[in-house]
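Heads up, there are several structures right after this.
Across the two complexes that follow, chain A remains constant while its partner is chain B and subsequently chain C.
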Partner chain A sequence: MSSRDNEQQPVSAPYPEITAQLTEVVGAENLSSSPVDTIAHAVDFWPRKLMETRAGRWHRGPRWVVWPGAAAEVAHVLRIASTYAIPVIPYGGGSSMVGGASPRGERPWLVINCKRMCNILDMDEGSMVVHVQAGVVGVELEERLNARGFSLGHVPTSMTTATLGGWLSTRSSGMLSSRYGRISDLCLGITAVLPDGQLVHTRVAPRRATGPELMHLLLGAEGTLGIITAAHLRLHRLPLHRQFDSFRFERIDEAAEALRRSITSGVRPLVARIQRDPRLRRSDRDPDAPVPDAAALARRVLLLAFEGPAELVEAERGVVRSHVAELGGEALGQAPARRWWGQRFAAGFRMTPVLVRENSFADYVEAGVTWAGLAGLYRAMEEAFASRGWRTRLVVEHARMEGVSLGCAFWGDAASPQEAVASYDAAWKVAQQVCLAHGGRLGHVYGGGQHRAVLLDEWGKGRLELLTRIKRKLDPAGIMNPGVLGTEP
Partner chain B sequence: MSFDEYEKALELCTYCPKLCRHTCPVGNAERREAVIPQAKMAMANLVRKGQVELTTETASVFYHCNGCGLCGEYCEHDVDVTPALFAARAEAVNGGMDLPSMKHFTDRFYARNESLLRELHHLVEERYFVEEAQVAYFPSCDTVEHSPGVIGDTLRVLDSVGVDYVALHDGEYVCAGYPFWAAGLMSELSFLAKEISAKLSGYKKVICDCPACVWMMRFLYPQIDAPISAEVLHVVEFLDNYARRIEVSSTVQEAFYHDPCYLGRWLGVFDAPRRLMGRAVREIREFSWNRERGYCCGGGGLLADNLPDVSSKIARRRMDEVARTQVPMVVSACATCERNLARESGGVEVVNLMTLLARML
Partner chain C sequence: MTGPSTSPDSRLASLREALPTLRVSVHVADRIAYARDLWPGGQLEKLAGRFAPEPPLCVVWPTDRSELVRLVAWARERGTALVPFGAGSGVCGGTTAGAGKVIVDLKLMDSVVRIEPQNNLVRAQAGILGWHLEDRLNEEGLTLGHFPSSLMCSTLGGYLATRSAGQCSSMYGKIEDMVVSMEVVAGTGEVIETGRDMGGGLGPDWTQLFVGSEGALGFITEGTLKVHPAPEHRVMHGYGFERVSAGCEAIRRLMQAGLRPAVVRLYDEFDSVLARSGAEKGSEADSLLERITGQVKGRGALPWLKRRAMQVALSRPEIANRVVDELAPMVSADGCLCVIGWEGDRRMVDAQARLGHEELMRSGARDLGEEPGWHWLRRRYAVSYKQSKLFTSGAFVDTMEVASTWNRLMDLYEGVRKAIAPFAFVMAHFSHAYPEGCSIYFSFAGSASDPVEARMRYERLWSAALAAATRAGGTISHHHGVGRSKAHFMTEEHGNSMLLLRTLKSTFDPDTIMNPGVLGVGASGAP
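Moving on to the complex of A and B:
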């Protein structure tokens, strides 16, 4: 039987035999088929799936959940899964917003929950490198590092819920990425288990020029090519000095240009965000507040944070201030940026009250765009959503030399569950069209998952075919998170 | 309070991306997705809506909660998980779920109460049991059983500041019924609360050494038609007014203060115990998770009885932080905390604040 044929076959082996083999590997206490555990792994945080759940459509959980304690156990489990062609979901925090961590269809799924693998294996404080298992929840890792005077410098909204493995598998970007980079920039090497059970260790060295960096095959692969079980990560010393600045501009164009000039002249702010004037929140909440005029609605604020040695921080602030002055920005002091910093995790809570409402829809679109296209894409996105009556909140963040990410939270209400799903899909379609027309690259902050709209644009046909060829070679039984990133279900 | 009253809280948790995961002592100890606050609440919601059958197995999830309320502290929606999960426990009990840990619970409760009442009368001189008094001291079950010296120490500290008018409550109970609430036995709680309320309402003030007893009497009793007219205070709240009068003959160099969940997060009492402790300890060390975000000892929610290994693991995490220092002592103001932390103390002394003060007089 060819590997392709194998993929199409339903699991024919007797479940008790598979259960017995899995038990032998991880122990009875680390395997469950109890409804309590399978229900807990049935749905991640993909809004589309939650909307279906809200409307009463039940989603099946996996057949088995296992909690391996080491990479060797993961390897054994994957060999069993390959033998019986059981589809596998590598599971971290289960907070994927794109369906990357939830079973689909009628097949009997095996979830490999990595959270028992949560230890710091080694720490080289002189080289500032930590070797850590991938099942650790982000905030736990950061607390342990802070206790020793270090920080990873990776702070996404999912800090308190996602695991390191989840971040690596989705090439996560944090709020501090303008200074410290995204998780793939911080990762120096990985240990991973391939679908046939082979362990791979990529070497950690300051500089290598011996062939392609294979680590990057697995970073961002969302568990479709293997399971990352540990990583070497670059650390930063806890800052001695942190400062904030806030500036108001009449339009997005000047705000974006001030940020561009600052970044391209070498400033590396800890945080750089362009968002709506926070004063407009009053008109959102208070129906008696005066309706803001067009000029107020057009204003944008640039919120910045800097950290590092005091001299460096002050020098960077000076550079930014000069660019802001050239573009007519108004200095607002430290308070607005400080306020945002104090509430930096609040954004993660905002979608839930919307999704609780019957027939509502909501999600978060992210588009990568070069500086040249930013202002145009920003306005086009805002107009496209507003013209359809959908609410949006746009934010510019993750600034790099070549461009930024434009984040767009959208939400609305429909007349029925079907219309809610249709509006949701339509919103993604609109975002995709606007991106294509204005030079943006549509994505999602939490990866691609099962999200078709993202995949169509992000991957493109050629790239998808290449990924499929690589996957078929590494994963002939097609067990690793099938259906994710556009791979065969 | 019916299960449906928690609909909003249950719905919010069901559609939340598990943002409070890191706060849950049980979830952290078990590392099992089904027992993080979001999953427990989602399961309760599925049961409420009839989408999942209530069985012994599904109901068991509701008991994987130590009732500390730390998740609610982090929640931007102010969801209160503990009462919702305790209501789910009540639903399970009313649904006839045969949970092993709940077997003969009421009989065991009353048998323990009887035994501890006898013990209390052995512990304390009869002259302290005065029927006519303005202020009554209501000792708790865990204090009598696990930290009996605290009762005498409390009376000694009160005496030392000139408060010699406190009488021991000579009643039939040494527990305000937290175990019934946590077990989901609401009718038993209602009966007990009314009995206690009737007895204690004759006093002007009631002081307790158990933070959960105070919270029950002050906030839960009125909700179940058993209000107490007396002012109910934790002993540290009462003694705080006299803190300056406490004269100690010696002091301890340094000690950690552990915030009991019910005294801190639930009653909002953070500074009074620190002020009192400051009379006897030169340097008060703080845990990294302290005050509103204090981490539980693992003793709440019946966890120490139902899931002792998990409870110990939670206590170990707390004590591990102390072990990384050279500090020899942890002070608290709750017998349940002391009992649980002491089980994982690793040689560090875990002591009640009243005992420490009495020792230093």
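Moving on to the complex of A and C:
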């Protein structure tokens, strides 16, 4: 029976019976169908849905929200959902920006909110490995680790909302990724519940050669194959020696090349960002400030942070400085990078103040690109948005051996709610076209969810189709976050 | 589907008809030469008279992916199993043939497709030998950083298929850390590019799901890998530790201090003697046996371990192991040898070498100076391939590489040693270290009165050792792979997450034609 068949006959589902069974598993206090809870779980942070809500279109919430306390309860709940072909959304912080955690269509959805499963199960300080439940909110985990002298080293801007499970399910990248990698690089093993209620544990080893690394079937699958309930994660030790450096370049090209050469030399900066000259901020806000000339607008600053043993940090800074000097960069000292660090959670692009304005639109495009393609993509993205009157702010981050990621926040105002959504969709269309033409890969950091513009880029390569084929085997009833990542709705 | 019951001749005829340009050999010399890899268990079988008990149907040499796609289509239709073959230097029976199977040698697909110096990437075909790829990169001032001791007799495809590790893995990572994307011709016949040059993208990381698949899901035909500037500077150094546990603790601290040494090797008491041995002999030892006897004779510490007495000693390994334990401090007055190497940018190498030295000295190391480090580097590929003397004398040698997080490492070391001790003389070194754990590389030599008994002893040894590794919470393989020799331990290794592997297998190899039996999946397989 396909999921579509189920969709045509939801009225026959015995809802009171399902409610009774769920209650038996999680307890009455951990199940809700109250509007207070279903409305709260109706939309995630996908700007398109937020814009629709703002325009008065109320989104249908799930029929049930459950808060299981352990993997065994998740297994029971999934078995019930499988039996009745109830679509399930694994829910963490609800901060998906691509609709990965919100119900869709008219079906009776079951949201499994994982946040009660938030305990540290074991801490192996000698190996610097923590075993922790996946419902823990990022900042809580980090604070608990800090209290014991450790850090996870994973700091996305969603730190205060997202859960570990959400990060793992989207293979999230944080602002320290240039040094510590993305969350999948920090993960050594997982416990997950499959759609039929089976629990799987992938065994922990520093490295192994015993076939494919099976945890990778669930990491990045955005809840379409099962629910990750716990993970073993690599840690880093506190306290750490930290230093900063800032450099100004005439163009993006030299800034990017200085960063590329540094990474190639083996430097592992804690943070590496290329962004607009912060001095331009004044002209943004003060209408009386002199209009910056083209040269000022073209300048970019490279902000760096370093962490580790002091002597090695100094060696890394020396290597970077020599590359910067060869490329004509101007040293700005520690202050600009330190200032950014001090405001790292606040200084990010804040969408909410934009989106509360009537008829505004905003989002964050994010694309992976190789070093060779970076400057071209950067300029093309900037020009394509500017020529349509949309505001943008571009930032280069997540440096790796082979390339970086280019983030592009965009925003604007339209004449009506319909036009705002149309402009929003048009902006994504433009981003998609620019990426296609200049070798950018959309959705590099925060997953694909239901965001068609993000998914279409990858769709052509057929890899999402591979996921659908695996899903048909592991989830024949099609209950796990159906419709996400291009799977059958 | 014509079915497997058809005669070899009719199947060969249909193969030639389906792929008229494919190079095919049915010569008995090729079929025997390609029947086995370097799994020592296979050598014992040969001695027991099973020369090539199940010779393959034929050996084929495809030249491009379209030929492979057609070959897979033919194999699916005819129900014939395909065995991907690189250089045949695997030690786990990963490319062992079987009656009626087709060996697919990929070594004609050996081009470097492109080097992208600006993106620090290389794209190469799977059949290229490791040292040819490295040479080609060196010409551009680059290095892959992958130096397994098999470098000269192994291919890129073999590395990717088995999650291979090189001697500089502590800095450059294992092959799965280097690979960014692969082209796979799956058992369905479809051509899959697993990733993109920005590593990952949306959905599961398919690269990580195909790397290490040992040919069970399809042929790995090309790979894109990260490359680095060839190191401008290198520092090598030797240290001594009284006990292996002290050495491990020092390495743990070193790896957790935020440093990235290129080479980390710690030898246990007896392996330390061998590691130093080349300095006196000055040439490659003929075999592990000769290295043992030669060295021990040279030192005069264990006179009973003379060549003639060797067989006796190896047949009573529990005594030999105990004697070595007792005599270890005398055998090697310097205790356990530890070699640490640093390479890369000069400033960063110097800073790390100084910090690393301080860290190791704080952990109680004895400074042995540079020479032990350079000595190791000179002899890094001096692996003996002349094992025949040893095997014909009735003995056997093999290696086993396990790994665990630091908290279990000493239990793993003791557990596996104890498990092997009744069957063979055993020593170990620790050669791939990470902040969270380390691998252990056991070498062992045993003996028996006849080949049949040798084979039995060898199998009992492996079962005991694998069980001990699993019991101690370690993985049964760090970088050699599973092949067929450890396939029966995959459930102990992975528990019920094996069902994820079976799902991958049934998705990408629905007819079980791809290397059936490796990794404990598709065991029945098509003949």
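We take it that the second predicted complex is superposed on the first by the 471 of 489 C-alpha atoms of A that agree within 3 Å, B and C clash if a C-alpha of one lies under 4 Å from a C-alpha of the other, contacts with A are read in each partner's own complex, and residues count from 1 in each chain.
Here, contacts are C-beta pairs under 8 Å (C-beta built on N, C-alpha and C of every residue); 3 or more make two chains touch, one makes a residue touch a chain.
Keep in mind it's a predicted model, so treat the numbers as computed, not measured.
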Original post:
Just chain B (first), just chain C (second), both, or neither: which does A:Gly223 touch?
Top reply: neither
Subject >> Touched partner set for A:Gly174, first chain B, second chain C, both or neither >> reply: neither
**OP:** Once the structures are superposed on A, label A:Gly483 by its partner contacts, choosing first (chain B), second (chain C), both or neither.
**Re:** neither
**OP:** Please work out whether A:Pro68 is in contact with chain B alone, chain C alone, both, or neither, and reply first, second, both or neither.
**Re:** neither
Subject >> Chain touching more of chain A, residue-wise (chain B, chain C) >> reply: C
Original post:
Which of the residues in chain A come into contact with chain C in the complex?
Top reply: 124, 126-129, 171, 182, 184, 188, 194, 198-214, 216-222, 234, 237, 260, 264-267, 307-309, 311-312, 314-316, 318-319, 368-372, 400-403, 405, 441, 443-444, 447-448, 454-455, 458, 461-464, 466-467, 469-470, 473-474, 485
**OP:** Quick one: which bits of chain C touch chain A in the complex? Just the residue numbers, please.
**Re:** 116, 118-121, 162-165, 169, 174, 176, 180, 192-194, 196-206, 208-214, 216-217, 226, 228-229, 252, 256-259, 344-345, 347-348, 350-352, 354-355, 403-407, 432, 434-439, 474-482, 486, 490, 493-497, 499-501, 503-504, 506-507, 519
Subject >> chain A partner contacts - residues on chain B that touch it in the complex >> reply: 8, 11-12, 14-23, 28, 31-34, 39, 42-43, 46, 51-52, 55, 57-58, 60-61, 74-77, 288
Subject >> In the complex with chain B, residue positions of chain A that touch it >> reply: 34-37, 39-41, 45, 50, 54, 56, 58, 65, 67, 91, 93-95, 97, 113, 115-116, 118, 137, 139-140, 143, 147, 158, 160-161, 345-346, 348-349, 351-353, 355-356
